[in-house]
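Chain lettering (A, B, C and D) follows the sequence in which the chains are written, and residue indices restart at 1 in each chain.
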Amino acid sequence: MIIVMEENAPEEQIVRVVDRLVNLGFDIHRSTGARYTILGAVGSRITDIRELELLDGVNKVVRVSSPYKLAARAFRPEGTQIKIKDVLIGGEEVTLIAGPSVVESREQIETIAAALAKQGVRVLRGSAFRSSNDPYGFQGLGEEGLKLLSETASRHQMLTFSTITDSSQLPLFARYVDIIQIAERNMQNYALLRELAKLDKPLVLRRGTSSTIEDTLLSADYLLRAGNQQLIICERGIKTFETYTNHTLDISAIPVIKKLSHLPVIADPSRGTGRRDKVAPLARAAVAAGADGLLVEVHPDPDQALSDGAQALDLPRFAKLTEQLRIIASAVERKL
Amino acid sequence: MIIVMEENAPEEQIVRVVDRLVNLGFDIHRSTGARYTILGAVGSRITDIRELELLDGVNKVVRVSSPYKLAARAFRPEGTQIKIKDVLIGGEEVTLIAGPSVVESREQIETIAAALAKQGVRVLRGSAFRSSNDPYGFQGLGEEGLKLLSETASRHQMLTFSTITDSSQLPLFARYVDIIQIAERNMQNYALLRELAKLDKPLVLRRGTSSTIEDTLLSADYLLRAGNQQLIICERGIKTFETYTNHTLDISAIPVIKKLSHLPVIADPSRGTGRRDKVAPLARAAVAAGADGLLVEVHPDPDQALSDGAQALDLPRFAKLTEQLRIIASAVERKL
Amino acid sequence: MIIVMEENAPEEQIVRVVDRLVNLGFDIHRSTGARYTILGAVGSRITDIRELELLDGVNKVVRVSSPYKLAARAFRPEGTQIKIKDVLIGGEEVTLIAGPSVVESREQIETIAAALAKQGVRVLRGSAFRSSNDPYGFQGLGEEGLKLLSETASRHQMLTFSTITDSSQLPLFARYVDIIQIAERNMQNYALLRELAKLDKPLVLRRGTSSTIEDTLLSADYLLRAGNQQLIICERGIKTFETYTNHTLDISAIPVIKKLSHLPVIADPSRGTGRRDKVAPLARAAVAAGADGLLVEVHPDPDQALSDGAQALDLPRFAKLTEQLRIIASAVERKL
Amino acid sequence: MIIVMEENAPEEQIVRVVDRLVNLGFDIHRSTGARYTILGAVGSRITDIRELELLDGVNKVVRVSSPYKLAARAFRPEGTQIKIKDVLIGGEEVTLIAGPSVVESREQIETIAAALAKQGVRVLRGSAFRSSNDPYGFQGLGEEGLKLLSETASRHQMLTFSTITDSSQLPLFARYVDIIQIAERNMQNYALLRELAKLDKPLVLRRGTSSTIEDTLLSADYLLRAGNQQLIICERGIKTFETYTNHTLDISAIPVIKKLSHLPVIADPSRGTGRRDKVAPLARAAVAAGADGLLVEVHPDPDQALSDGAQALDLPRFAKLTEQLRIIASAVERKL
């Protein structure tokens, strides 16, 4: 950390700042210039920068080292690859994760899985605990949904992918789910993150809709420090003033996170746009920008879906999309 | 709901839309104009408007009635007042809720409570479960913290106010806390909202940092429908492009929510600005704009606080603020 | 326009609203339901919806027809193509517009133009009036800059492209520039738009950094109504809370505008990201999402550029990018 | 400026950065630590920080001194007061600037001015060049409007206040207007700012709707450096995701700018909310937060206003507001 004092800050203010930093466990290197005194503070304690900025005589406080360590690219310059059975995420191949918003029935999930498997999709998504804004509405099939997902996936040699919404579901997820997704609103739910980090399962951390890239990497760092190394970041759209789309899928976040961090990055064009006819263009854009994977909602009959049909692709449209993605992947030296 | 068809939409498209709406349980009134056909759909089912907009021939879908019913001002035009022991929230008096960010020790909470009681503060805030971004950092005192808060508050004839962070804490909150606050990131955590709605306790619902006013009132509606009527909304700042403050306290949300809803509205200038020297100006602004109460972090020695000292007022500054608030309250025909 | 009255609004309120609408020149169709009265208002006058919403008894006012007419896709469903000499914008080919941020010297612009012409670039960009935040800094070469741009472009059979910053420059632009760009901050400078619409020149309208897609199409409509039909929209990034990039390039705006409007859409990944190493990923994403063209800043030695070197590609990187774009264009049935 | 090199950056990278900085005219102080090398660069040249950050081996570049100098509080710690005839802005008194959105006729402006003068208002606002989004709509009365404004104001011993929209209007504004307002979209129109800075007239600089506080102070700095010292900043609302209000009036910007700068700060609750019934609460909030003045649109019959009636107060509501403001001003040791 570097603390820049105000021009001509009196000696007693400087001394007070030095004392406070030493109390916080930092080593201090002081450099006195003609106009400014600059303090370099070396130490590992996590500090609230605002508190130092409020001290008398302090002009500015700057973090030198990245506030996230284990998530930083420097920690593993070659990049992280996550291997789950025979699926590799973060390698040459772009990973497609597809399936319905919610598991509705054995028939529904089987129809979708069979079609996706033919397209070469290796990871089957499907929620079992639905976040409904209607207290009396459809809440998902719960354990039965996870079980259907798991049985169907194994029939087609696919992995399972589902979203956890509460820590009480942990035992079920440990049993049925290969890749556990953390919803955006839980990105800073540290109590839940602590529990999840203990599981030996790959996790997908969704960027919060009002979280900066740095906030997101700080949450990733939390999970890494707490012990889980199989981590994937998901860009799913941020809240902006534009209202035509529910959120604005931040495509630039993909190359930015790839540069700042060693973690694989996937994108969710279904939730990120909320509109079926925008899913394909944004899916293509994400791969063109360097995404390691995509999360796409697919439904055999979107108009009859019990949840979020508005953002699901039907099977022919999904097939067409995968063809386009194959070409685009080749342009960026990837495969599908 | 009103569905406006495209100019000159063919009859078969109109019929298909009508069929779909009837299947969803709506009664349809059709009005055929020279250029547009307009369908009025009457019914109570919660519908995803996007799905209707995607049907062929549909130009626009408009909700006529407010999407929230029980939270709407029309449901209780005279406004809701919440009485907890002898404290009335939403009445003539502006309610001050004050205390430390986190309960640190018996001495700390006692010093603060004693000082606040002298200023006439009737509700004592203090967290026991801290949301720390450091997996190895201070996590709050847990049950011990709630117990200290409760004992101290009762010694000074104050109510207790604390933030719940996980559903597993429900029994503790039922026992020790008079007013339970729901953190902004849990505003749409419906699983937690459902559990909280069953408690017979006043709740404070914080607006999410990327939630519109309408989103917030929809979450309020969820709690009201699920059974809890003692609800207060808290404006705590939204995420914007401005970075000097962590969030932008949306002062206009106060009169807007007061108009749209019958629920009391309080503001949190401490978290809303994140900077100690901005707390007083924004606290004054909130009361001037019509807030029913304020949430203010206070600490006897903010520089030594274990958490969020940067946004805490010391006791003399808090005393000065209450004087100013008394005058401002009188300008809007309120009392402090 | 549809005006939905409050539930059980008294007859005198309804009559007052009808009177007001008739005074504004609308024909009114009244439909009285069991709970709601709905007024359909037909007419062409542009009206401030807020004023109607403030009338007593009005619940909601909804525009039925799109607020922009000439810019709407329905006005020219086959899409607009703009032909300038032998360059066609909005056709099968994706148009690359490239060049330096600012024309610095005859040598600089010649070097760049020669290299770009070899890559097949047909439109040469370069500013002559620089928007410098330093009153004593480099302001661009003015007329001399436009002249150099024009001479160089014609030597290489290229078109010229430059940004107008003030109406006093109109005669110069009429003389030297083939495609005139309107800066984002002038998107709603109606005085300037009125003057530009009188020129018989293709115009590029940049979306304002705090303008919605609808705002942008309203400005486009203004130009179309004022007489200029050769209009192109440019997505250049919107202001969001993310600070790693100066702006967030809204890739979803590309397919959205293509659907809502018949106008060609280009993207500016250089200004949209402000960082050289993010230009290529976002350029690829824009083409993958369906952009009709790209605006790319190129400089033979970005580190020595007099302006915005941070966002300029050097020539080898630009050559590599065009190769990738060629493949991606083929995936969406376009050519480069 | 401080340049922090990457951990263990090789000597040749450090040397290259030093060379580049020396070429840019900076003196360099190098400090070599165990892990980091830090370069302090002293000099006055305005530099694009991004360009330095892109150099190999650079971790972070930090501006030590504020990027704006003349606008910074340190430049005039006691604060700037602007005296125009016998009106003092930035002193003890809170200045009310009121009047119609647009000057419509002699009768209209006279009625308003007479009523405002009775309330003690000393500055009369009114536009003569209207920014209409309809190329064939009402564009304001032009010179005649400014003349009516000026005659009416002088009859009531008031000052005139109007918004300039194009540099061609400068001679008219020099003649008729006492305080010239720069619209938000022109905040970074440096060509116009340069011209305005030459006039010996107080200027009001409106914060752009996507401009940070720092951006705004940089524009203020531009005007101060270019020669005009009679400058006032106006907060008028920023673009956020909330749609109930057109913009979000950033009340916290008022105390923030008062701290960072010596310039007076006023607020515009009329345009900042766009809704008549929200003007009074936000006007009160702005004064409670420390604003030096307010800009309020007033119309004798808002429903008949030719422009922006939706955000105008009628005369009785304005009178009531001034009473409330008088009390609130006293709470913050100001007068009205």
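Throughout what follows, contacts are C-beta pairs under 8 Å (C-beta built on N, C-alpha and C of every residue); 3 or more make two chains touch, one makes a residue touch a chain.
Everything quoted here is computed from the prediction, not taken from an experiment.
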Least hop count linking chain A to chain C through chains in contact: 1
Most remote chain, CA-based centroid, reference being chain C: B
CA centroid of chain C to CA centroid of chain D, Å: 27
Gap in Å, rounded to a whole number, between the CA centres of chain D and chain B: 32
Whole-Å gap separating chain B and chain C, where each centre is the average of the chain's CA atoms: 39
Residue numbers of chain C (touch at least two other chains): 210, 238-241, 243, 277
Residues of chain C defined as touching chain B within the complex: 2, 4, 7, 29, 31, 33, 35-36, 38, 40, 42, 59-60, 62, 64-65, 74, 239-241, 243
Of all residues in chain D, those that touch chain C in their complex: 20, 46, 48, 50-51, 53-55, 129, 131-137, 165-168, 185-186, 188-192, 194, 197, 208-210, 218-219, 222, 225-226, 238-239, 274-277, 303, 308-311
Chain A-facing residues of chain C, complex: 210, 212-214, 238, 240-245, 248-256, 259, 272-273, 277-278, 281-282, 284-290, 324-325, 327-328, 330-332
